[in-house]
Structure formats: C-alpha cells, structure tokens
Amino acid sequence: MLSPQSRRHFLPYQTSPQIADLPDKDKAVVILPIASVEQHGPHLPVYTDSLIVQEVLDRALARLPEEFPVWVLPLLAYGKSNEHSAFAGTITLTSETLIRVLKEIGGSVARSGFKRLVILNGHGGNTEIADFVIRDIREQTGLLVFALHVYLRVAPPSAGLTEDEQVYGIHAGDVETSILLCCHPELVRRELAPASIPAHLKTFKHPPFMGPLTFAWLTPDITANGVLGDATVANAEKGERYLSDAATQIAELLRDIADFSFA
Amino acid sequence: MLSPQSRRHFLPYQTSPQIADLPDKDKAVVILPIASVEQHGPHLPVYTDSLIVQEVLDRALARLPEEFPVWVLPLLAYGKSNEHSAFAGTITLTSETLIRVLKEIGGSVARSGFKRLVILNGHGGNTEIADFVIRDIREQTGLLVFALHVYLRVAPPSAGLTEDEQVYGIHAGDVETSILLCCHPELVRRELAPASIPAHLKTFKHPPFMGPLTFAWLTPDITANGVLGDATVANAEKGERYLSDAATQIAELLRDIADFSFA
Amino acid sequence: MLSPQSRRHFLPYQTSPQIADLPDKDKAVVILPIASVEQHGPHLPVYTDSLIVQEVLDRALARLPEEFPVWVLPLLAYGKSNEHSAFAGTITLTSETLIRVLKEIGGSVARSGFKRLVILNGHGGNTEIADFVIRDIREQTGLLVFALHVYLRVAPPSAGLTEDEQVYGIHAGDVETSILLCCHPELVRRELAPASIPAHLKTFKHPPFMGPLTFAWLTPDITANGVLGDATVANAEKGERYLSDAATQIAELLRDIADFSFA
Amino acid sequence: MLSPQSRRHFLPYQTSPQIADLPDKDKAVVILPIASVEQHGPHLPVYTDSLIVQEVLDRALARLPEEFPVWVLPLLAYGKSNEHSAFAGTITLTSETLIRVLKEIGGSVARSGFKRLVILNGHGGNTEIADFVIRDIREQTGLLVFALHVYLRVAPPSAGLTEDEQVYGIHAGDVETSILLCCHPELVRRELAPASIPAHLKTFKHPPFMGPLTFAWLTPDITANGVLGDATVANAEKGERYLSDAATQIAELLRDIADFSFA
Amino acid sequence: MLSPQSRRHFLPYQTSPQIADLPDKDKAVVILPIASVEQHGPHLPVYTDSLIVQEVLDRALARLPEEFPVWVLPLLAYGKSNEHSAFAGTITLTSETLIRVLKEIGGSVARSGFKRLVILNGHGGNTEIADFVIRDIREQTGLLVFALHVYLRVAPPSAGLTEDEQVYGIHAGDVETSILLCCHPELVRRELAPASIPAHLKTFKHPPFMGPLTFAWLTPDITANGVLGDATVANAEKGERYLSDAATQIAELLRDIADFSFA
Amino acid sequence: MLSPQSRRHFLPYQTSPQIADLPDKDKAVVILPIASVEQHGPHLPVYTDSLIVQEVLDRALARLPEEFPVWVLPLLAYGKSNEHSAFAGTITLTSETLIRVLKEIGGSVARSGFKRLVILNGHGGNTEIADFVIRDIREQTGLLVFALHVYLRVAPPSAGLTEDEQVYGIHAGDVETSILLCCHPELVRRELAPASIPAHLKTFKHPPFMGPLTFAWLTPDITANGVLGDATVANAEKGERYLSDAATQIAELLRDIADFSFA
C-alpha cells in the first residue's frame, strides 16, 4: 500500500463530490496498478509483483510535486498468471476475464470525468493484454490510455546485471530478489534463494525471452523450482538502485502523460 | 491494509512452497475480501466499504489464536456498484465479470490445495452474487465455500440505532460514518455529513430495503446526495462498538468454518 | 396452468395491437413466473416448484379485481438447479444463461411499452439471481422491476410448522408436500413421503439455511434422498392454508407494485 | 397445456426416482417443445406458435400407444423472434441465449440417463438454431438428437392452400388462423383478420421465402400489419385438417425416432 | 484464388479511399465467401469446400458484365465442421465463434458504406448459421443481407445424379469429386476414391439427409472413411457441368441481389 | 496466394488420411498466417498486410529444403484493426473474437496430431493478442506454439531507412510501399503515395511507437490520411531487399522451431 505521504493521491480516499470536482481534471492522470499473485520460487512471496509495483509507484509519487494531479486506484492484484498455475499460491484470472475487468474499470474512470488513464503493470504475464486493451478502452470511452510496465524500468542496461541475468533472469532472480530485500526483507527467505538458470535454457539456439523467437511457455517447461535467474547475488543495495531508477523514470513518464496531447 | 499483527495471515506474503506445505490445510480457511469503490455521499470516501471490510477482518483476526489457520487473499476492491454509477468515483464491474472473477479465484484456491474458501463481502451490491456463486464454485471445485457479509454483522438490533436508521440507514448513514470516524477519521468530511432519509421513502407503503417487497433501485431513484441514513448522529464510539461486535462475530464464524463438515 | 378465470390476465392470449394499446399501461404489472424442473424427493414430481408458483399466482389473481391491470407471461420452468444436478429429472440452466434469459425478457417487456415487471420466483436456487438481475434490468431499460419469492410467502411463522421444519424443511418437506396434496394430489406418491432431516444437520453448530453462516451446498452434501423436511406430516388442509396465505400476500403486493413510485 | 390423457407423458409430473428408473430408457424419446411469444397480426394472440406446437403435440401423443415411451418437457415459449421485435408483445431471446438454453437443457437430459431428445419447434425463427444446435448437443453429450418443425407438417401440398398462400402465407395467414379457429377460437379476433399479401412482395423476382434467394428480413420490411397471408379464408374445418395431418406425421416420426439407430 | 479477370472484383485490392468512393454503392454487392477446412475422405483435399466456393464464384463473376458492382471479400476458410473433428485435418470453429465472426464482418461492411452483403457459403455445416445470422446482421446494421449456398446450386435435379447419389451423396461423393477433377485434378487422389454409401444408411426408414426427419450426426456415426457418396463415378466433364450450372445460377442471383428492394 | 512451388506445403491441399499419417509429425511445423483487411492510405490496397505476410512466407518456404516438414494453413485475413475502423475498407474482428478464433484453430491443429504451431502475423494490431494467446493455446492443448511477426523482420536497422522512417514509418510508409511495389506493383497507386509524418508527432516528447511511453491510439488521432511514413521514397528494389531479408530470417526461425525442445 501507499506510504503516508502518497496517500493524498489515492483516489478512493476522496469523496464522490470531491472526485467530481477535482481541479485540473483534463490533465489529471488516473493510475490503475495491476500485478499478480503467483509463485516466485522458494524464497520470494507470491505477492512479489504486487509489492514491487506498489513500491515503485509510491516512490514515483514522492518524486512529483505535491500538487501534481495524479490519482491512484486500488491495486488489481489478480492478473493473468496461467504460466504459473501448476504452483501453489498462484491465483490467476483467465485472459478473457482480465480483459473484461480492465475495460470495465476504464469505462468507470471515463464516467467519473477523467481523461487520462494509465495501466501501471507489474507482471510480465499481463503485458500483452494491457498493451492491446488500452486501445479498446480508448475506442469505447475516448480516454487517453497508457500502459507502463514497471519491470521494464527496474533494471536498465546500466544496472550492472550479469549477462546471464540480462538474458535469463526474468522471474524471481537478481532483480526481484534485490528489490524485495530492499523494501520487504522480512518477506524474503534468503537462505532458500537459488541460482536457477536451467542448463537446458543455455542450449537454446536463441536467447529464450527477448530473442527473435517468441515461444509459449508454462513455467514447468523451463524451471522446476519456478525461478529464472540468480537470486543468490541479490542484495538490498542493488534493490534500492533498481527501485530508484524505476521510480525516477515512472515519475518522468507520468509528467509526460499529464502533458500528452494528440492535437 | 492489515495491521502488523495480522499480516502473518496474509497469504500472498508466503512463498509458493510454503503455501503448498501449509500445516492443517484441510482446516485452513482462505478468505477473499471483496468490497467496492463507490460513492458514499459528500462526507465519506468512495473506499468506505473496502476500508470497513478490512478493518473488521483485521479485528477478527486479532481475536483468533495466533496459530489459527486462516489465510487472507488480497482485497478485491472492485465490485458490482452499478446502482451508483451515476456518481463520480464509482468504479464498477458488471455482474457477469464479477461472477467470472470470483469463480476463477475460487478455482485457483482449489488448485493451491485448500479446502475452505470464504468470500468476506463488504458491499451490499455484491451480496446476491456472492451468495449464489459460492455454489457454482463448490460444484466446479469441490471446495467448501462460504459467504459472510460484513455489513450484516456491524450493527445488530442491539446496536442502538434509531428505528429510522434501522429501516432506511443502508448507505453512508450512522453505521458507516461511525465506523469511519472510529478507524479513519481523517477521511471523513464530517462537516458535510447529511441526515438524509428522503421524505418520499417514508411515503412508501413498505419499508424499502428489508420489507416484503424487493424492488430494483438505482441510487438516483431514491436519494439525490447518495446517502441513505442519518450521518449527523455518527460518532467514533458507536463505530468502535459496531466494529467490535462485527469482529467478534466474524471471528466466531471463522472458527465454525474451520470446523465445518458435511459428513 | 392458469385457471379459466385467470386466463384473462395471460398476456400471450392478447394480440400485439391489444398489447400495444392496453389501458393503464403505466400501472400495468407484468409478471414473469420462474421456477424449476428439479428433483423433489421420492414422493413429489420434479415440477413441484413450477406447480406451486402457478397455483399461488392463480389464486392471487383471483383475489384481485377483474379490471386490475396485471399481465402474466409464460412460466419459465427452467431455472438454476445445479444443486440437484446429480439427481435424474433435474433440468438446469447455468447461472450465466439464466441471467441472460431474464435480462432479455426484461428488455422485451420494456420494448412492449410496459413500465413494471415482477419476477415471481418459485425456486430457492433462483433467488439471488432474480434479486440482483432486477437492478441490471432497471439500469438497462428504465423499467420498475420487482422480485417476489413465492416460497417466502407460503408458510409464515404463524403457519404452525414444527420448529424443526422451520429450520430444516426447505425442500420437499411439509410445506411443499402439503401444497401438492392440496392442489395436485394425483402427482404425490404419498406412500413414499419421507421424514428426512439428516441427523448430521442437527450436529451443525448453526442452523444450516437461515442462520448466520451461508455455506454452499449441493444436495448430495446434505441429504441422500433429496428431501429436507418431514413430508409425512403433510396434508391437504395445511396446503390449502399455505396457498391461501401466500396468495393473499402476493395479491396485496401486486397492488402495491401497481401503485409503486419513486417520485 | 397437455390434455388429461396426454399428461401421463409429461416428464415433470414424474418424481426423480421414477425418471431414474423409467423402463425402456434407451428407446424413450424426450421432447422439448419450443415456440415463441411474438406478434401474429391484429387477429391472433402472440402465443399462437406456442399454442399450435402444444396442440399438435397433444394430438400426436393421442395417436401413440399408451405405453409408448415418450416424455414431454415443459414448453420453452421464449424463442428467437427478433424479426418481430418492433411489435408490442414480442418477447425474444437473442440467438446466443437461445443456443445456450438448448444446449444446457440437452446436457440435463443426458445427465438424467436418456438417450434420445427431440426439439419440437413451432416457430420459423427458431428453425436454423434448432437444426444446428442438435449437432452440438450430440457432440457434447452423445445423445441422439432430432429437430422437428411443426409448421412444416401442418399444411402439406395436399392441404388445398391457394397458390399465393403456399408462397406468401408464412405468418398469421390461412394456416395459423385456421388452426387457432379450430382449437382456440376464443382467442381469435376474427373480425380483424386481414388478407395481407403486400403488393410489393409480388413484384419480387423470386418468391420471397422458399425460393432460391435467402434474404434477411425484419417483419416491418415486408408487412405493416405483421401478417403474411390471407387470414380471411381461414376456418376451423381447415384447421382441424391441418392439425390432424400434422399430428399423424409427428406421431409417425416419433415412432421412427424411438427406433432410430446409427449402427 | 480468384482468376486474373475476376481480381478486379476483389475488394481488398482497392485502397480505402477507393472503397469509400466506389460508384453505385447502393447497388454494390459485397460477397463474403465462407467454406471449411475439413476431411473429405481419402481422395479429396480438406480444402475441397473452399476450392469449390472460390471456383464457382470465379466463374459466376465471369458471367457478369465487367462493370457490375460486385466486391469480393477474402474467403473465410474456417467454418463450423465439428461433425468432422474426429478426422485429422479438420480445422473447426465453434458455432458461437463463427456467429461472432460473421456478425463482426457484417458490421465492418456496413461501416464501409455498403448496403448489400451476401454470405456465399460452400459448406453444409455452415448453412443454418449463415441462414439465421443474416437476420441478426440486418437487425444490427440495416444492411440487406443474403445467404447463398453453393452446394445447393451445383447439381440440380437435372444433373443426372443417380438416385442414390441424390439421396446419400452429400460429402466427397460424385459431385464434389467431379468438381475437383475438373478444376483441381492435381489435388485428387483418384485411385483412392471410394464408393461409400454405408449399408446401414439404406436401412434407415427415412432418407437420412433431406427426408422428413432431421437428426444430428457426427461423421463417424455414418461413415468410417468420411465419404458419403460414390466418388468412383466422378469425372471432370460432370464437374464442368456442375460448376457451369452453379456459376450461371449464382451470377443470376447476384444480379437479383443488386436489384433487390423491400420498398 | 502461395506460389506453385510452395503449394506442396499448403496443408489443406492434403487429404485427411495424408494429414493423419504425415511423416515427421513431431517436428512438423504448422503455420497459421494472420493479417488484416484495413486501410493503408490512399496508395496501398487494404489487403497490404495480407499480401506481405503471404509473400514473405512464400519466399521463406522457397529457402527451405523441399522435404522440410512445414505445413501452411489458410490465411486468416481478418484481424483486429479497430484502430482503422473509421476508414472505409477496414474489416475488423473484436479482440475477443480474434482470441477465440486463434484458440479454436489451435485446438484443431492439436487434434490433428501436430505438435508445433506458428502464428505468423503480418499486422501490428494483432501482435499482442498473438503473443499472449500462444500461451493459452499451449496450456489447453500441450502444443508448442510460437508467434512470429513479419513486420519485425522486414526492415532491420541495417535496411537503410531514414531515421524518421525508423521512428514514425509504421503504416503504409516506405517499407510497406516498397514491398508492394516489388511484389504487387499493379495494386499500388503510386501517384497518390504521400509523405506523411504529421508534424504534431514530432512535437511529442517521446518517439510515439517504440519509445518508453505506450499510449493507445486510433488512426484518426495521429494521421488524417491514414499513413505514417514517407511512401514517396519507396521503390521496388528496396522492397525486394526487405522481403529477401525477412524471408531469410523467417526460414531460419522455422528451422529453429522444428528443432525446438524444452527438454
């Protein structure tokens, strides 16, 4: 959840007439955070994506001027995580249901008189749906709609990841573990953190997740323990840096969104 | 959000292997809190139902032994609130979508090896859907499924409500305002709290909400300011009592649920 | 089926121009009876709910003035009966389909120029769907929409049921058997009527169906023969009284509905 | 409604154990009558199709041996009548909903242990849906499923219709009016019966409804009063003949269905 | 694919402004060819229906004046073929999906400013859906919509089919094999062409496909090799005649469609 | 359409038994080409994406050994093009329908005994749906499923595009126009080819389509003539190079797919 200083931006803390009469409503940016409840290996909580998106958002808000017109909706923790459904603790919506939920929230935001909506996504498995559904929401409501994916912001090339981690470290590896160690160390079972880049992945002709070949995978296809990446090298300092970088970028993008115009 | 001492019961703080191997899984009670984001008059935040369900749950957990096997899922703040969709700040799912979301969460809970699921509902408009969908979830998963409606627990006949409030005070009146004054006074715009029992309601032959005649209403049909009840008489002491009573009841029912058996 | 004197109220016996030009159309009450085709134990036909709702309606119409503007639609015998789907003779719609059917009938009633629609429901398993779908119909059509549940009217506290029957007698017990003995004795296999309050139900901490704990059940969870209640004490005289009471109440409520107004 | 002698074939009058244990269940034919509630011009009730399908079925049953294993389900009066939705009194389901209803009833019939299901259809607008959905039901349940369209049986070439009536008389004309005059004369407003073959239809290059060109029409496209055919020449004697012919054919086909086998 | 001289009628070869400004748009006929990818026995390709509908269309276009305003959409090769889904190479949509696809294409055609749409269908299993969905498209868009079934045009009574072939030859028999031998002989494995009228079909009381009894069948119910008809008597000359007859008829009907009017 | 030498890979030209018994079925790659029918400015046909995907595929097949086990399904020309629905000639499916179509084709491919499916996509608006639906297909069928986007292969950084074109040239600009000039010059209205990078796009803080900010756009939001890019600099030579590069890459990826394995 939001830190005390960010709560002023939590839309549901406002009354209905306040929301109706918000100043600067044409510029105001409504943020819908979405994430997941899904397995993150033996060492991270299933809430990892949700914690990260909230932490990044909280920090991004702290970087904006107090009067910046940004309004945060409640986290939609339930996402599309069917790749992980073989693992306990994964709570997943189907694609079709997630699409419906996002469209209906979009419709409600438009009815409330806002003009700009951002889906701030913390889970890779939601990416494509967020990316296409924003067009459908725009078509149906006229809203300006944006998708921002937190995990694309947390460890830029400059972040010092090993080459392997850049290629294979997509789930519960260095990045996510470091972030959790930074902001929720009490939830990390560090002693169980694996270095898990299954050998067969390295035999792939193409790097598996960002190369030229997009293939469908379910988690058990590629890793027995649910982890892809080296969680043993994680530490809180890296996490702080990842979070800080991401927050800075997101804050900047929120400013851009408030100013965005097609005309 | 859950208080520190209750967080031990927040399921998503566990890792996937922990969830797979939880002790006492046959007894363990998984709780899905659901509520709403919807107008609550000029004086209460649109998050009122969500705040109340979380507060009651937090207090109920505090009344259970530490080792009691209860696991809380993230709040589904988005409910069915189409009665309020004419008011800014109302974010509503359609009936069909809410049904899908609940069924799919139920399916995921079953896949995670649990046997008992409670939908803990804080919003009147979700009531019927929660009440019938639990059967569909049981049919599809074999889970034992329960529905508990927080607002039915917060102000029992003994609560000292005026007669009018008992009959008409269903939304943002004495009960909800008192509770918010107790647990989130900073979110209440007390100076705007209305006494709002529209005169025409009293001309109804039958009491409108719990009498023998069930009629469909949208909020603008019955109240211009979105409030039904007398919020001016609310105070934190009453709120404390309402919450306390509800928490005690819910805690008791959770014990019963852990022991429930058809055989 | 409606008795001869009630047929004047059967809407489908009218021609389209007659329906277009009905007098008093703002007051006119359109009734959609819904019920079920589902197992009712070894002694009652699977049509029991349908027979009861039609009998009560017929008697209610007889209590209204001839010129009272009430129009009955054909019975939707097919309801949501998945609790009984393990028993032969149960014909059930899914929740999703029943919702669609009710909404589309509501849309058609509105297009025909009516202003008031009552879903008159004879089956417990349809209750929640009728209760929430009326709001959705109102939202989509502007109709005034009402839900009346016949089984809530047939045996009020004053009806002289045993205490056990009041608590456990929800399906094919004294009430339903008595009513069938009264109006369709030829369809009752009285010699097979059981007294069936499974012992384990009495071990429940809370009374199972109307107590504070709402749990999902499928019929095989709670009774092997499909009956809940004591059908052996049923008789036609009681049935007559139950029906008569219910008809009187329904007639009264129909008058109220014709006069109902939000303004 | 079924006549007294036919009621022995009404499935819902049986108890669940009786249905489970019906003799000759492999041969037994379950009939689902479907029809419509839709405008039938100024002289016929909107229930016309429903009345006809029930009358024909009743007469067909009377032509079968008492012990013939045929079981009738409740009429689904609500069909797909969107061609008539511009006229008051038309109650229509969408295509999608009718498909769902038929499939779910089919599923329930299979679960009850039957092997043969007939959709006995009384409304032209349901024809195609009945004709294709039987395959989907067979695919999903393994039932033998059949579609019989009553209106294709009621006035064979030998029936003595005028040539115009054979071509244009598809709705509320000689055939339907004669049948209603025979079996429900009290519901016919004979003085308003039109001869209604709109002149423009005769200018069509192809006969409009059974010629080589299948075009989509909504009723207002082709007739202002909702009638296609000459209702002025109708009389009860013809109706008797039409009904009798149809009943004989349907009875014969039901025998064939009981004997039907792929092997 | 369309032959070079027909390509001028292929709508997608036009630019968007050309389509916006087409002359004679009120008369212009848009054709959506639909067919199947489904087993056609051991001797014909699974694309048979698709090839035939394209060949007939190509020939029909050749019979129309160059300036005739007809515009062909891309073939929808994927149809409803669940009767054949037990055979490799069958690619089938569900009924529900095919309905959606057709409605959405219809909506797009209307948005493009056309007034007339023909579904030109080459597969028996699509027939009913095409026949009813045209009404739904008309209702939703106001388009004039038509369904033409190619296979009803390719071998009229005068075509010289044997009596058996007329009755049983519905799939991969003389007609389809002859046509393929005419237009795509390289795709026919003539040496494997069976004479396949399973003996048990002849024991049916009624001719199975066009008699008075409509029964649901899946292909394995009636033929082991997937063929119904005598493919051994097929030859290219017959195919030429069938195609030629069909093309002439379709061309004529397209003229009629361009002139069709309800007024 | 496929060129003669590629037709040996067109799956629907095979018979059902051939498909059942194809050699090397574990390796065999089934390709489903999908594209669009949508406006491509004043100079390119609405079939542009469909033409390109087919041309690239045809050329890729030519680069593979004759015996390479690759099987092409019919093009699904209808895609998700709602961004262009304001322009005539755009035929679009909804997201929900495209998802269903892809899943059902995937199910059919699996039922036919194949193990590998590639969605070969030629339209940007289909990208996200293809990318997530492959996982759902894998989950439901066990197939290995891949998504390849042709337009990501046709003009790599080395292609010599201007910087502006790399950033803004996403629709009907240099790349697509050059390709059409190469393979279908007769369909290009070169004299109308615009240079269309609307000035306001250059005022955007971030490059609009591949920068850090993903925003929803409908075509009229960003360009009046439907073009984004400079089509005036297109020529056939470039088109040849783009096609050749893409074909080489796709051929290589198809080899990789045939060899792909998780184990």
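Every chain is named by a letter (A, B, C, D, E and F) in the order it is written, and numbering of its residues begins at 1.
As a working rule, a contact is a pair of C-beta atoms (placed from the backbone, for glycine too) under 8 Å apart; a residue touches a chain by one contact, two chains touch by 3 or more.
As the structure is a prediction and not an experimental result, all values here were calculated from the model.
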Other chains in touch with both subunit A and subunit C: B
Pair sharing more residue contacts (C-beta pairs) when A-F is set against E-F: E-F
Centroid distance [mean C-alpha coordinates] between subunit F and subunit B, Å: 49
Subunit D-subunit E separation of Cα centroids, rounded to whole Å: 29
Junction residues of subunit E - those touching two or more other chains: 85, 94, 96
Touch-based graph of the chains, sorted into line, ring, star, complete or other: ring
Cyclic chain order when read starting with subunit A and heading to subunit F: A, F, E, D, C, B
Subunit A-touching residues of subunit F, taken from the complex the two chains share: 80, 82-83, 85, 95-96, 99, 125, 127-129, 131-139, 144-149, 153, 200, 204-206, 212-218, 221-222, 249, 253, 256-257, 259-260, 262-263
Partner subunit F, residues of subunit E touching it in the complex: 1, 10-20, 37, 39-47, 50, 73-78, 85, 87-94, 96-97, 100-101, 104-105, 108-109, 111-113, 187, 189, 192, 226
